[in-house]
Amino acid sequence: METKTGEPLIHLGVLEEALNLARANSLWPLTFGLACCAIEMMAAGAARFDLDRFGAGVFRPSPRQCDLMIVAGTISKKMAPAVVRLYEQMPAPKWVMAMGNCAISGGPFYYPTQYAIVPGADLIIPVDVYVPGCPPRPETLIEGILILEEKITKRGRLRKFRDAKG
Amino acid sequence: MNAVSAWLTPQTAATAAFVMVIGLTIVGALIAVGARNIFHNVLGLCVSLFGVSGIFLFLNSPFVALMEILIYIGAICVAICFAIMLSEPMYLPPPPRNKVKVLGAAIGAGGIFVFLGLLLKKTQWTAAPERSTDWSVTTIGHYFLTNYALIFELVSLLLLVAMIGAIVTARGGRSKP
Amino acid sequence: MELVAQLLGSEGARMVVGLIAVIALVSVNALFLIWMERKVAAHMQLRPGPMEVGPHGAFQTVADAIKLMGKELITPAEVDKPIFWLAPIVIFLPVLLSFLVIPFSSTWIIRDMDVGILLILAFSTLSVLSILMAGWSSNNKYAVFGAIRSVAQNIAYEIPLLVTVMSIILMVGSFKLTDIVAAQSGLWFVVVQPLAFILFIICATAETNRAPFDIPEAESELVAGFHTEYTGMRFALFFLAEYTNMFIAAAVATLLFLGGWHGPFLPGVVWFLIKVYAVIFLLMWFRWTFPRTRFDQLITFAWKILIPLAFVNLLITALVLKLR
Amino acid sequence: MEIPQALSDFWFVLVFLVAAGLFALGPLIIAKLIAPRSFGAARDATYECGMPTIGSAWIQVGMIYYLFALLFLAFDVDVLFLFPVLLAYGKGYVWRDFIEITIFIGILSLVIVYAWCRGVFSWKRKQVNP
Amino acid sequence: MTELLGIEEKTYTLNLGPQHPSTHGVLRVILEMDGEFIIKAEPVIGYGHRGHEHMAENRNYTQFLPNLARVDYLHALAYNQCYCMAVEKFLDLKVPERAEYIRVITCELNRITSHLLWFGAYLMDLGAFTPFLYCFDDREHLLDLLDGLTGSRLTYCFFRFGGVPIDIDDDFVAGCRAFVSRLRSRWDDYNNLVTKNVIFINRTRDVGIITRDQCIKYGITGPILRGSGIPYDIRKSEAYSAYPEFDFEIPIGSKGDIYDRYIVRLAEMEQSCRIIEQACNQLPDGPIMAEKVPKRIKPPVGEVYQAVETARGSFGMYIVSQGDVKPYRIKLRTPSFANMSFFPEMAVDNLVADLVANLGSIDVVIPEIDR
Amino acid sequence: MLLFNQLQTYLFLALVLFVIGLYGVLARRSLIAILISVELILNAASINFMAFNRFLAPHPAVGQVITLFIMAVAAAEAAIALSIIVAVYRKMRSINVEHATELRG
Amino acid sequence: MMSYFKEIAVGFWSLLGGMAVTIRYFVKPIVTVQYPREKIPMSPRYRGYPQFVIDPETQTHTCIACEMCSRICPSQLITLEGTKFPGEKQKRATRYVHEHQYCSLCGLCVEVCPTTALEFSPVYRLVGFSREDCVLDHLTLLQARQQAAGLPVTKVPTEEEISAAIAAEAAAKEAREKEAKAKAEAKKAAEAQAAPAKEDKE
């Protein structure tokens, strides 16, 4: 977890805000499914839910062009180095979303004598947003992206459509 | 082009551009023979050819200039690249230069340069007394269809033979390592 | 305008104004095309596409562009650095150049060169070179593969493209794009040369690396093709060039076959743009309908079918011209 | 003929080339300035599906690509000759131009025919070590 | 002489995966390539290993139920069913007929979702994005149905030992009928868009051929086996649950190439539709839970094997009990694993593009291989 | 007299290009590099022809025709040469001239 | 030769067929439910996360802290405590923590509960910035829901109350035990008395 993000050469408040706004509205995820949750990730990109509405539907297969790593599924111990590697290969600024209980904490596969999985993506890479569920509904994933956008812009979306949780 | 500033006459500007083109040609050529990495050599060749095509423009022949780009950069360089990928083991570091050879080549080339350069200086060129001013591509085509018709057909034959030869050598040339 | 004209002469003014206009057009066009592509794709797939960033997602691509500008530029350790840096710039050179000779209407043309169409064709080979540079320098197997395939594909489809263009040139007897359009004031060449049009569209699709010929970027095999290792703005430049190339290809198709600026009622520029975007829509339509061809089939398709047909078409054109 | 006519075209080309270069360079410089940096052991490593790469990527590609490049070379050159001929076509010849073009293309097509017969277009893997 | 003569091999190694768009998750294939051609393909599995079998030994019978849905998350209900049937065999429970019908209906619906997903994902592998979204659109309708019944969209944990916990109502049956007719109305579009498409045919015809003998040798089951022309389907040959009561066919192919597998899967969806229709028509009344299901599941000492036909092939479950509340050992015979074992042979001497097409046509679910 | 309007300039440039090419032919060991150098020499010849054509020849088209022929020949030459190089490589596993000569014996 | 052209024609035609399909869909209305603006109604059985049922009569939960759910849960993720308060017949949950990040939404806990105190919440919008955001305290959740519905809010007993209750319970238990003992003794005594009588009878 020694991965950190360094500061840019030029730092201007307004510029940074504009950039953040753009970043928040154009989160390109990495095509990266680990297990069952990936199917719901696909479903979120499909016609019924359409992640593309938020500009987050451009799934790029190469980490070099992504902003967002959606860890969708169980991280096995064998896979963990690859996850870290892929994360490191993404250019800054980058974000990680732990989708599904497995990615959050090992989920249903976590129990005391477990040997095969990494209980939680946050043990190997810094996670920004947690989207629980097994698997989370596509709406939940969208909700996660919205909340991540808020986190990036630090002020909430320009358009208000968040109401009471329901 | 009626530019304003005194120094920016079309002539000086053209000269500047000409120098640039020459520079491109020569720098490219130097990269093409000098660089260690064979891929850089090819790119150097491309740069050089780009310059040459600029020179052709100065020589009043845009058609040939464009064809230079189309054929040399578009086809020959690409073919060379592919041949490189097929043959040169790029993953090995390039072998060290052979000092003697380089020196010999430099001396030989330098000698010829001096000799020809002097020759060039001496020679007086005289233009043909009567010169037509028809530079058009149509005339080139006209020549192909009349005076040089045989060569025109021969070119296609040449290409055919070259291709057959190439395919035979490339395909049949396989042997056990 | 006046001032510029005074300073540089009428030709110079044309150049400067044209340059500014082209740069604006290229940027706006790329942003618009990407948005359009996403919208067209989305609606073919029963979804709305970008919606939330601006009205109907109109600012989506702007956000993307700004974001890409703020992304880190990673130069991987093992790349061939100078070439890696140069490749995205080289791919951009032919892009602006092509606009030099494209007539938007009978008067809206920056420079009506005698070798017009040849300029576009010749300089488009530069993009082949740049792809090769990008792939090769990345030192990434997927990128090398993508580049080689892309180049092989580009050169394979360049021949039928050139030959189909030839049959038009044969009919007009000039390389000048204005001449070619002027010759279509009565009848569009698409009527006279339907086969050539089809061939041209196929080749243009392949030349712009679009599905079903998007092998170089075939993500299911090659991850992201020759720009696998490119991040941020460098990647964006490839993207920008790609979409501008699409515009150029569509523009050339319009000029050669669809009568350029000719059309009733509306001004020429509008007609021209309408036709160009119609052709682009056609290309998008292809992309979102067809599966990707396999690479060997793609290449052999060009050599076995397109090139013979193109030559036959050329000869038939020549024959008809003789008989007339 | 102080300045060749072709040169005025050349100006446009030159200016546009330079402008394109700058246009491409500008955003890159901006990006260098405003983008944050990330660190990490694998940041600069070559991407290969999340695994360390095996061997160099400067691989030797198949023969087949090279053959296609050669074929392209042949046809590109023929284009070069056909272009001027097309302009001159039909300008005061009876049948000669048509016949010459036909012969030219005919001979060239033999290249395709030959390549086809030799199986260049069928992508079968040839055993290197039989 | 020389360093240069040292290079005998001009092959190179390429990693495909674990993160790769076409490996459907986390399969890794190490390819030994000669130019564009593959001379050796070595699948590396285990990137999705979650220790399902080990978990079974640490949980009691009921607690293991939800886990099975994660083995093959695309056809979770078949796994559910297999496990329930195995335990019911142990306990000698008689499942009421209505429950069996419900199981069959939901299972077949789930099979269709699985095949639809394969269809879409496969076409995406081949580079056609649009059919993927059409399939997902259809699939969403199905998921709504199943969601309404079971409460989950993907990893169903619906069947219980002795029956099903929730009864279906007329709305559900009507929904099934509506879906079946909807799916049937879509075949034309799919055929025009994909099946007849010349590019698709060229990419799949005569590619990735698996002969009958090879199928048998490698223990390949499911649509691949049937695509090679062997009409083997556990739903017929060992007709379990309520399957004997339905009239359906086993679609088979002739050549065993990818196209045949594709056709078989499409036809299977149609057959599933038929089964669902019949089941909806003949749905008997009655209880949905067996009468005396013990509170504590504690099977007697012994062992039991149960197989079902999942969307990917025959799935078998072998349970050894030592009379404890926890199973002593559970072994899963997963179809993808066997199907995958043929993959290296199939890939050799083909292009990378074909490799992707082949891999997609096997329709693997990685956690099922890795378990 | 402008720089670019003098025959001498072009001839000198061609000479420089030729010499660079010559150096390459002599100094490089890789066959492909030699081929590249040869291309440079051919280009020098093209420049010469075009220059003569521009300043001296009676019919300007003729020089262009010849240049076009040079291109064709260069292409054919490149094709053959590359094939030979590739064949040599396949036989010798090296395209280094010295190795090739060594191996011939 | 003929087949060559036929192949081209058939292929071309098939491509047109595909394009006809996509253009038809192009003009069809979209099927997307634009999520934050419009929402798909959740099916009544939708499994968001388990939560307490608000009993229509008592307007509070009915959990009796029997621990059946925590025992059957495959992931063993339920931690609960219950106390019997004086004056109540049954135990009552005083703490019920559901660590949602381990849950597999199998529904076993809901099914097993003897008092049907659990149900699945239709909420699917649970996202958070940390792992702890996924830990659900059922009692707090219940309070929030009660508040939203305008019902009297169930008070969560404080530590002191619990310890008091435990003490009370212990005392009561002791008393009960004493009583029981006394009863038993009395019974024994009675039996002892009765035994000879029995014997007598025999």
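Per-chain numbering from 1; labels A, B, C, D, E, F and G assigned in written order.
By our rule, a residue touches a chain if its C-beta (ideal position, glycine included) is under 8 Å from a C-beta of that chain, and two chains touch if they have at least 3 such contacts.
None of the values given here were measured: they were computed from a predicted structure.
Colleague: Could you quickly compare A-C and B-C and let me know which has more C-beta contacts?
Modeller: Ranking A-C and B-C by C-beta contacts puts A-C first.
Colleague: Compare the CA centroid of chain F with every other chain's and tell me the farthest one.
Modeller: G
Colleague: How many angstrom lie between the CA centroids of chain A and chain G, rounded to a whole number?
Modeller: So the centre of chain A lies 28 Å away from the centre of chain G.
Colleague: What whole-number Å value describes the gap between the mean CA coordinates of chain B and chain E?
Modeller: Computed from C-alpha means, the inter-chain centre distance equals 61 Å.
Colleague: Provide the C-alpha centroid distance between chain A and chain F, rounded to the nearest whole angstrom.
Modeller: Distance between chain centres: 56 Å.
Colleague: Would you mind pulling out the distance in Å between where the CA atoms of chain D average out and where those of chain E do?
Modeller: Going by mean C-alpha positions, chain D sits 45 Å from chain E.
Colleague: Out of chain C, which residues touch more than one other chain, so two or more?
Modeller: Residue numbers touching two or more other chains: 11, 42, 44-48, 51, 69-74, 113, 115, 118-119, 136, 141, 144-145, 148, 151, 155, 158, 175, 219, 223, 228-229, 232, 288-290, 296.
Colleague: By the touch rule stated above, which residues of chain F touch at least two different other chains?
Modeller: Residues 2, 68, 71-72, 75-76, 78-79, 82-83, 86, 93, 96.
Colleague: Note the residues in chain E that touch 2 or more other chains, in rising order.
Modeller: Each of 4, 7-8, 12, 14, 18-21, 36, 66-67, 70, 130, 133-134, 137, 140, 155, 193-194, 197, 199, 351 in chain E touches at least two other chains.
Colleague: Spell out the residues on chain A that touch chain G in their complex, using ranges where they run on.
Modeller: 47-50, 53, 101, 104-108, 110-111, 120, 122, 128-134, 136-140, 142-144, 146-147, 151, 161-162, 164-166
Colleague: Where on chain D does chain C make contact in their complex?
Modeller: Touching chain C from chain D are residues 8-9, 11-13, 15-17, 19-21, 23-25, 27-28, 30-32, 34-38, 43-49, 53, 56-59, 61, 65, 68-69, 71-72, 75-76, 79, 82-83, 86-87, 89-91, 95, 98, 101-102, 105, 109, 112, 115-116, 121-123.
Colleague: Show me the residue ranges of chain C that touch chain A in the complex, using the header's touch definition.
Modeller: Per the touch definition, chain C meets chain A at residues 38, 42, 45-53, 57, 59-60, 62-67, 69-74, 219, 223-224, 227-232, 235.
Colleague: Which bits of chain D are touching chain F when the two form their complex?
Modeller: So the residues of chain D touching chain F come out as 2-3, 63, 66, 70, 73-74, 76-77, 80-81, 84.
Colleague: Quick one: which bits of chain B touch chain C in the complex? Just the residue numbers, please.
Modeller: Result: residues 1-4, 37, 39-40, 43, 46, 62-63, 66-67, 69-70, 73-75, 77-78, 81-82, 85, 137 of chain B touch chain C.
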